[in-house]
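Just so it is clear, A, B, C and D label the chains in written order, and each chain counts residues from 1 on its own.
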Amino acid sequence: MYRSTPLAMEFCWKHRVEFGETDMAGIVHFTNYFRYMEMAEHAFLRSIGLSVHAENDGTVVSWPRLRAECSFKASLAFEDEVHVRLAVREKTDRTITYDFRFFKDGERLVATGSTTAICVSIRGSERSMAAIPIPDWIHEKLGGEVA
Amino acid sequence: MYRSTPLAMEFCWKHRVEFGETDMAGIVHFTNYFRYMEMAEHAFLRSIGLSVHAENDGTVVSWPRLRAECSFKASLAFEDEVHVRLAVREKTDRTITYDFRFFKDGERLVATGSTTAICVSIRGSERSMAAIPIPDWIHEKLGGEVA
Amino acid sequence: MYRSTPLAMEFCWKHRVEFGETDMAGIVHFTNYFRYMEMAEHAFLRSIGLSVHAENDGTVVSWPRLRAECSFKASLAFEDEVHVRLAVREKTDRTITYDFRFFKDGERLVATGSTTAICVSIRGSERSMAAIPIPDWIHEKLGGEVA
Amino acid sequence: MYRSTPLAMEFCWKHRVEFGETDMAGIVHFTNYFRYMEMAEHAFLRSIGLSVHAENDGTVVSWPRLRAECSFKASLAFEDEVHVRLAVREKTDRTITYDFRFFKDGERLVATGSTTAICVSIRGSERSMAAIPIPDWIHEKLGGEVA
């Protein structure tokens, strides 16, 4: 059994705001903060040798979202450099919750967010999806303690 | 003064899931639920004679988000018809909070969400943005009581 | 054998420009015209009883693009109503070429485009894709003549 | 006067395919190739000290598209690294035409495309857009010959 434990893993993902991410108010459209959180999460998983959508022994293990949330304090504009700091807040037997802080040009906090993803298997040509316990080979890379 | 009051306004926005809204897991990518909430909100505003980005006496009044959140219970697939039921949960002097419920084919609840938008003015060619009290002409269309 | 024949099918798809489709120049971002062409194409296919991604006898038949092109004459703004007029320009044994004309508020021509899609089968859990002749049941709905 | 001259400038932009860029066919959705071309173009402009949307002496100079085109030879999948090679094909008094070649993992040609952008000024709070000759300070950075 893996215990639900607060973890200390941190990761920083950097991005320059693209023109197509702005809207007619001249700032980054809010839906892109959710894309940024996902891109930071996937870069984090790659950094520890994982992929958010990985085949292992004929089964795809993927991580759909259970919940996503973002609070906006200031705006981002075209060509701003945004640093997204990811922390693994909690890991349970089947889910991971990430916290995110967005910094403009690495300094000013402009937004905070969080997402919870659930581990699923996807099987067969009809791609049926079912929640599963996080496999051991993933737990190990995420650094969870075995109870 | 307008009081902060729970309101009873409801609105339903319908959408058929587009191919480009799916991802390689075969379901609607989660960021699109935030697009759907915004599209439902803007259709609601149009239905009461407003626009989310309206010019009035030389000033643009717009509604950036303070917060957005969504919880996912089941998935949506290509060509599913999704009904998004919007309710105005709370209105303050400067903000509106909407609740959203997503139904697949009008029946099965697949997600719930909420957003809070703040009223701002955008002025000048440099488009500087400042929070303002919701103007009376907007309050009236939203059906708020005058205290 | 089906002959390659110019066809006379026409279809009109209507859309109100969404806020999230604009960019900081205050107009619809050009990539959305390609989304609009695809949405018009898929609505056209539904209108004749087809789907762009359909399972038939255990095989998925899908239509990836070989080519897409758009020329822009004027811009579209938030809440403009755009009418996209689709015509099937040419159908070969394996491909369909569509022409598109974009009208602002149903009147002013703002853009023209075209796409060519190729018929493929997608098989197995590894989803391998291979070009195939357009199946008869699709040809018939598209109104092609049998040589 | 600047002459219309084929130019020899080349630039390479690299990108790892994001999960949200795939669709239910398991490959990169075709509209993203147009996003990639734009991101490569803007990175190229930054590399020579320009921005696609720059203020100079109170006027915004921007580059809306006149035309965009892409031909697809093979597909890209999640986490593929794509190299987009940009070349300035032609520069006229008011327009720039770029050619793009997309390579999977830096080796296999998967797509080719081109875009033509026109130089415009955007003025005033109503942001009216008008085509203008490419300003000298931009011509110089682009390395055009003065006739």
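Definition applied: a residue touches a chain if its C-beta (ideal position, glycine included) is under 8 Å from a C-beta of that chain, and two chains touch if they have at least 3 such contacts.
Note that this is a predicted model, so its numbers are computed, not measured.
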Let me check something: if the centre of a chain is the mean of its CA atoms, which chain is farthest from subunit B?
D
Determine whether subunit A and subunit D, two copies of the same sequence, contact each other through the same residue numbers or different ones, counting it as same when over half of the numbers at the interface appear on both sides.
same
So, in whole Å, the Cα centroid of subunit A is separated from that of subunit B by 25
Mean-CA-position distance for subunit D and subunit A (Å)
30
Could you tell me the distance, in whole angstrom, between the mean C-alpha positions of subunit B and subunit D?
33
For subunit B, residues contacting two or more additional chains
19-20, 24, 26-27, 31, 35, 38, 53, 78, 127
Considering the complex alone, what residue numbers of subunit C touch subunit A?
19-20, 22-24, 26-27, 29, 31, 58, 77-78, 123-125, 127
Residue numbers of subunit A touching subunit D in their complex, please.
18-20, 35, 38-39, 42, 46, 51-53, 78-79
In their shared complex, at which residues does subunit B touch subunit A?
24-27, 30-31, 34-35, 38, 53, 62, 64-72, 75, 122, 127, 129
